[in-house]
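The structure follows.
Lettered A, B, C, D and E in written order, each chain numbered from 1.
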């Protein structure tokens, strides 16, 4: 039991180290990018800044998903939707900032509206010329959608795969809707050709570095908030709802509210991630709503380790860095590499990178504490065969199951 | 133009009045020879018209070949041949006798070009030539062609043909063709009113088309008659349209059913979130491609049986891949359903890229065998054979699975193992065997779905991706673990889609369907065929 | 290590667009290979840098940045969809590099760093409609497309064009379908119904990619013959038809600037070498490939002219460069960064090839700003000094679209 | 019958599943502060009756009142639990990935909304209460063990502990001593008698020694309705009870 | 018939069995008793093959079982009534019983009449889903299901839990009948002391993962044995 507590401290320490690293990166990376000459060994190229900045946004998205999936058992296959909505809110602000510098020189209407013969700005574009308004919308729109969607779904006790599938239906419907040019969001091409953010040129190195820093800080904040949530009594409740939803009801909790809160917070986090992502990649289009994108987020989280705070971040960084790297060096075979990575992860790191590390450390410590000869204990990372045996032997999984 | 037609008419009269037209072969040859010097489509068309004007049935051969793009002339001497090309060589046939007269490299030949307008003319000319054919089906086709492109000059020819005709249905078509020609002529109003009635009674789309266009050209009583006849047809067509929507819905539903039914086993029954399901479908489709490819190159005569051959093969190939997947991967993940998502996603990426590497990224051609091509008319509804067979096939697969699932020992063991693997083992059930073969069954079924889907969709490495979301939607909408749910789910989504599509358009229709699914799940949080009671919560 | 000139290839090799773009990657490798056989460029060998943007639009931007910043390529050949091009535009602008874009598109763009070697709407859509109207006597039009920007814009232009030619509104039916639409039963029936109004009807299809195969299969099975209701497509080439039994589709039309069947010595030579390079006697060629051939040769020539691969120099020197195309003429790079091309209308043949049935008498200059859209008819692009502007308003007499005052 | 003064009042309650009547016109009244033992053959409807009271199953007909005034059929599980009805399930269900201690902590009486939970800090009072309960259920040395890793009997005890932590007005206890040793059974009987001093309790059991130990009024259900009611001796002397339940 | 020798078992780092040695003979009822959490279930599950022993052996009819999977053990004649019933919830009662056919020869694939004699309620409820049954009914089903397999060794983990008194008596009679007529070995885990005392030919007492006492049923009245069963 002492080991447990010690270990719990270990997990907390890891969280704070992560926060520290992120805040450090927020300061150091821009300095290394801007202040050092390009030929310096410590210079961080702008290319890297943009790339890592993008990964950080993905990490925040994965963390958001983990809050609901890892800790509350809600496997959302539609989290990309919240990310994309946040991105669109930011994109709309950036579009309005273009002003009359668009190709048609129309001071009000974005280019895509001009060439599709729109005569005036649709009402839902009002206000997006103000940053504060856009910033509110970045959080409000995904949050509200999640709230309304969750309110109905959780109250109706939609759980498990049924919930997963309707979240997928939601993002798919949004994908199709945003594809439509008539919706007024630029159709398939989405929103592009951004010029300024808060009066600074989005393409300038300094701006990039600033957005990078903002992403790192946002992620650090996300980590902190998630950590605070998870370690509160509410966090325990969240896990209780994940494991035995109906049981919580019989002791007086309302699982629908428990889930709704987490789902909404998570959607807001995803929205912020999307908003930071857009100025860094320079485009937001309906592709972000694609169900496959949301599934990928699930995969990052699983790779890193579901139900841990650092896991999704590690997973998002790892998979995306892998993708960037593989698509460059193995353009024709990278899918084999990535697919193989996923398969190998499930086989050899069944709890994800972080989960496996924890498991290993825990067993290691416990064994030490129990002072058993090593041969007597079960091996820490069982081979596939052994695990199959265990899986079939233990019937249900010893690890938490989702509601379905 | 009118001059040519007049000649055509004369000759036609001559031909159909029974006097055998002594074919002047040299003259014919000369006319045909002109094809080599025609400078544009218009000139070619004149030659076609004058060939038709001979009224000599032998020109049918060359016209047919021309329409199919199989007429060429030799660059060296401008002789015109009917050709049959294969791999850079062409066999040459005499355009009149049809006898093989030699061979040439395709590079030595120049093809006589045809376009749609020309093909249309050939079709018309052909019709007038074949109105007297001994084969009633050919006569009927001729009459139908003449109905679609009415020509007042043909009235007399039709009259003669009608008089001779003894097959009632063909006769009726001729009368309708005559009526169409009458409308196009400058005959008196009374004749035209009678013609409108005849056309109105025909009641199909081409009749409607004629009437509507005539309505635009006429006035007074004729216009009114045409309008009311057209309205009559339109109202019957509206009824047929509704029936057609149902049929389309069923047909879309059966495609969804096929795509989903394998998943109903691997996911619905076994609980494996099988993201590689679509790739199993794809493997089935590629198996079909390979089978057809071999048949095409080595046993062309077997083409009509290609699907029958592909079906068991696809089942085996996809089933085998499933078996390997289960043994190599899935079996380590029982009890950890969510991780199957990660692993099978990986497998799906690998399979896609593998197929891309082996077969290339582009679409591969999978043809419809003749019994799956074309359509037949049921009232005003065109039912395509491929869709019909797919409906039949999907239901057959469904019934088969239902039988295996509910009536066989294997089915029982399958359900026991997936409910509680450990306890099933203690009942003496060989769980690894059951797992492996159940997964293989689900994959094999997906494979044979691929055979069917290759008939309506494109065979490309992305094939599976196009179906995976719909498949999950169907299985979940119907209620996980319930085969009937999958059937009813697929059919209701198909029909719903097809009823929304005409009003909302394909895009909005699809969005609406998704929104309705979301709303529906609120009402029935465990799908259409939800299991209820303690047993489920336990 | 000998110094090379690097050329970036930015085409999706996986995901939904791989089906179209992979061939273009192969084409580029082939062209680079050929050029190296000829001794390379400026005395150096060319080196292809291939990356896979995986049909993922933001990834296009990332990969473009990687090609330019990390791999230091001199020019990039890539993109297919408009959205991928839109996604990389700011990158090319910021890092000042060159993109050759080989696919027909909706126009309404002219960017200093991009060279558009595919067709603008006036090089494809409008001549096709003219052909149908004049040669086939079409009076009633179905504009069917995939619901995204290229079809939407093209159809907007066509609608305006048709109306200017006196076609009534009720004689135009517009229909959009989602990407990858596979169940065409209803729409094909609608087309059939629309076509039975007694007027000659044709379908103008801007249906994209994957959706075409099931569309044509349905057309064939429902027995819609080209003689009755011809379909003219702008996104269907030899590559797409390779996946279809074209026998029932004979006579349906496509409009492009190149067909594999074009009977010229240049083309025969190109096809032969291409088949040899790919070691596949069945490999087909298509229009975007030709666009890359033209673009690549133009770039080679411009680099030779400038004596450097420096983008600024090449951007200046390439205007006016003219290279042989594969249809027997010369294509020239115009100041608006679009090129001159012939327009060909072809009918689909039973062997999956297109047979040219009509052809513009001369070359058509790509018109980036459509004359049929109210806000773009006054715009022109000219990247030569001193104008050097992609959206010069001739009415206002200044660069920058409309101008604010 | 008057509802006032009753803690639980069921009248004419029926429920059927796919045509099978599990509860058939059942009437049962429990006075405030009363403890009642319920026995009856397997499938008599005892668990179903608890399902109805706790809101898990809605009756097809009949009245179900709590505290004489609250119509339980109009409330859902969480409401009912909040009103003060606690339940121990026949098949023990605990939060598997929480420690024994956290299982208890989540069950402790207190506000049940999100924000208080978010900013909750464990008070000394709560800590004491948890320690007390751990003592009662004898899982003190397992307080940091995960629920999943408890043996069957240990889970039974934890369930009882969670019920105690809720401190409900009415306790519904379904087969509390199944899987316990005889000694533990006696212990449990003592515990329940202790609780019954201040609470109302309904206990379902098949263990007649245990029921005897409790020494309270016994109701025997059969086929969804009351077969016999009275002291244990009275009920076990009933021939019908012997016939369908006790056996000879 | 069944010999367990020196069995140890770990859950992760926690040890549940510490060198257990136990025999169950044909035609005898062998009882295992012990307080909660001493490892009875762990032992039974190791015997039927749900857990793999860390060390030690399990032999059945002279053959070592350590490497064989649960289904092979079932096929060799071990059938198991687990604690917590584990009926297949979505299968009907009839189907639940029929899962026991798997190890049988085709000719034997019927449900023995004595199953329904023992548990008449199962006959009435053949069509109902297992999961819908009441707790006690499920327990009856679990026992019935094990009997369908015509076992040579019947392992029962607290089979009387949740069952009404009259049927407990019937189960007792049935177990005795199975021992006497079919001569099968019965391994019974029980908390219900009286039941055990009446039935057992031999009792084994467990404590903290070890067998601390083995002897005839009468031993249960000895205080040094009782000590292990009190709180």
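Simple rule for what comes next: contacts are C-beta pairs under 8 Å (C-beta built on N, C-alpha and C of every residue); 3 or more make two chains touch, one makes a residue touch a chain.
By chain, UniProt protein names: A = Urea ABC transporter permease subunit UrtC; B = Urea ABC transporter permease subunit UrtB; D = Urea ABC transporter ATP-binding protein UrtD; E = Urea ABC transporter ATP-binding subunit UrtE.
Here the structure is a predicted model, which means the values were calculated and not measured.
Taking the mean of each chain's C-alpha atoms, the chain closest to the overall C-alpha centroid is A.
A centroid comparison over C-alpha atoms places C as the chain most distant from subunit E.
Farthest from subunit B, judged by the mean position of CA atoms in each chain, is D. Across A-D and A-C, the chain pair carrying more C-beta contacts is A-C.
One finds 75 Å separating the Cα centroids of subunit C and subunit E.
Centroids built from CA atoms put subunit C at 37 Å from subunit A. Between subunit D and subunit E, the centres computed from C-alpha atoms are 29 Å apart.
Residue positions of subunit A with contacts to 2 or more other chains are 176, 179-180, 246, 332, 335, 392-395, 399. Shared contact sites, meaning residues of subunit E that touch two or more other chains, fall at 14, 49-50, 69-70, 86, 132.
Each of residues 352-353, 420, 422-423, 425, 431, 465, 507, 510, 533 in subunit B touches at least two other chains. Contact residues of subunit E toward subunit B in the complex are 48-50, 69-71, 73-75, 79-80, 82, 86, 88-91, 95, 98-103, 129-132, 145, 149. Residues of subunit E touching subunit D in their complex: 11, 14, 33, 35-37, 41, 83-84, 121, 128, 132-137, 139-140, 158, 161-170, 191-193, 229-231. Residues 409, 412-413, 415-416, 419-420, 422-432, 481, 531, 533-536, 538 of subunit B are the ones touching subunit E in the complex.
By the touch criterion stated above, subunit D contacts subunit A in their complex at residues 54, 56, 76-78, 81-82, 86-87, 89, 93-98, 102, 105-107, 112-114, 117-120, 122, 143-144, 148, 162, 166. Per the touch definition, subunit D reaches subunit E in the complex via residues 17, 20, 40-44, 46-48, 90-91, 138, 149-154, 156-157, 175, 178-184, 187, 206-208, 244-248.
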